[in-house]
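Chain lettering (A, B, C and D) follows the sequence in which the chains are written, and residue indices restart at 1 in each chain.
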Amino acid sequence: MLNVLYFARLRESLGRDTEKIELPPGVADVAGLTAWLRARGEAWERELAPGRSWRVAVNQDMARPESPVRDGDEVAFFPPVTGG
Amino acid sequence: MLNVLYFARLRESLGRDTEKIELPPGVADVAGLTAWLRARGEAWERELAPGRSWRVAVNQDMARPESPVRDGDEVAFFPPVTGG
Amino acid sequence: MNDIARGELRNDGATVIRVQAEDFDVGVEIARLRAGNPRIGAVASFVGVCRDLNDGAAVAEMTLEHYPGMTEKALDGIAREARGRWDVIDIVIVHRVGPMRPTDQIVLVIATSAHRGEAFAACEFLMDYLKTRAPFWKKERTPAGDRWVDARATDDAAAERWS
Amino acid sequence: MNDIARGELRNDGATVIRVQAEDFDVGVEIARLRAGNPRIGAVASFVGVCRDLNDGAAVAEMTLEHYPGMTEKALDGIAREARGRWDVIDIVIVHRVGPMRPTDQIVLVIATSAHRGEAFAACEFLMDYLKTRAPFWKKERTPAGDRWVDARATDDAAAERWS
């Protein structure tokens, strides 16, 4: 099971702040999970399109497309940060 | 008449914080005034020696050896600043 | 700088990180740091303030969202990185979340050191890294409606200066 | 940055210079600046603090002497130079004179701007220039007696970075 979190613009566009997802077969990294989410439908495809700016954190560390995703991980999707 | 001021180490070594000096004949710049003061005696020669670190301000602006000194000016001698 | 003094200064202060809705008082924070260590000679600080105008639009109010857990982890990592680069004594990072209005304080970063060069560098580094690595997001209320603030390319450039 | 905002920001704040025996409160100073201008987004500040150790000697007390008249003139000139280089809104320089003890505040410099890069740069520039151009002198009381603090070559080097 993955604990998936969404923040800011992505939270609003995707209509959820958190969800539990059974690790999809064949998904082993951030790129794989993103592709799987993008296949969910229009809003997902649009918000997670390669041309859009978003970031992924795995277990609260900034991640890259090739970062591994394993059962039990906390994976967060959010826009580039704008604090300070 | 010049109004001459001394600060910090120079004030203590030269034993005065201010004095009025009649503009000495032939003195037209900071270098000339310094040479004239240095001729006053041992403490003056030591404190205003070329090897020592000191600064001069004319009318409250940092000056250089070639800066002009005129009757009525306020001329200050002091060590390099150490504020902040 | 005196070598003994340098050795004594290392790891002598503390890192304080707070994420809170409440406002903060820079004077109180600095007074606490000063009182705690007579070897502090320099206190560099930065306060980020909510403006009434951003990218040409009037801002009436702003809300800051964050990622609890990751925020603290990211800020702690940024502080560790600063300590590895400069001989700082204390680091304080206070970041507010929730609703804020123009002139309100948003963020406070303080770095103390024996000398000012290291305090200034560490403070600016902390802000630049915080701006690009700490999970906070601003949403502004403008006459044209609510909008999420976009990340600035200048912030990425500022952070990259240090790498 | 938005062009209209830039135009509006210019010459919009004030320069405040104070030479005083009394202590100061950074929080109060920053609160006053923030309240006065909702276009301030960044407040960079620096506090110089009296240390108990300088060049290896224990310092029990310190006295700051200055050159009344020239001090204010020099600080005003430094502030004008900073305004010519960066788009700052406010500049505050408060320098204490007289006796001070370790952990006491000596000097405060604040620069405000719409954005942090200019506030940081102006604040550090002001401190570097103040250190080499403003007529203040420190005398320290140590176990070996009173001594005038020598100027640091590193201060000259810091000031020369900006020229």
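In the analysis below, contacts are C-beta pairs under 8 Å (C-beta built on N, C-alpha and C of every residue); 3 or more make two chains touch, one makes a residue touch a chain.
Nothing here was measured: the structure is a model prediction, and the numbers come from that model.
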If subunit C were absent, into what connected groups would the remaining chains fall?
A | B, D
Just how far, in Å, is the C-alpha centre of subunit D from the one of subunit B?
27
Report, in whole Å, the distance between the mean C-alpha point of subunit A and the mean C-alpha point of subunit B.
72
Centroid distance [mean C-alpha coordinates] between subunit D and subunit C, Å
20
Centroid from C-alpha atoms only, then distance subunit A to subunit D, rounded to Å. What do you get?
47
Among the residues of subunit D, which are close enough to touch at least two other chains?
48, 116, 127
Could you check subunit B for residues that touch two or more other chains and list them?
84
Can you name every chain pair that touches?
A-C, B-D, C-D
Taking the complex as given, what residues does subunit D use to touch subunit C?
2, 4-5, 25-28, 30, 34-35, 38-53, 55-56, 102-103, 105, 114, 116-117, 119-120, 123-124, 127, 154, 158
Within their complex, state which residues of subunit A touch subunit C.
5, 7-9, 53, 57, 60-62, 76, 78-84
Subunit A-facing residues of subunit C, complex
48, 64-67, 69-70, 73-74, 95, 106-107, 127, 130-139, 148-152
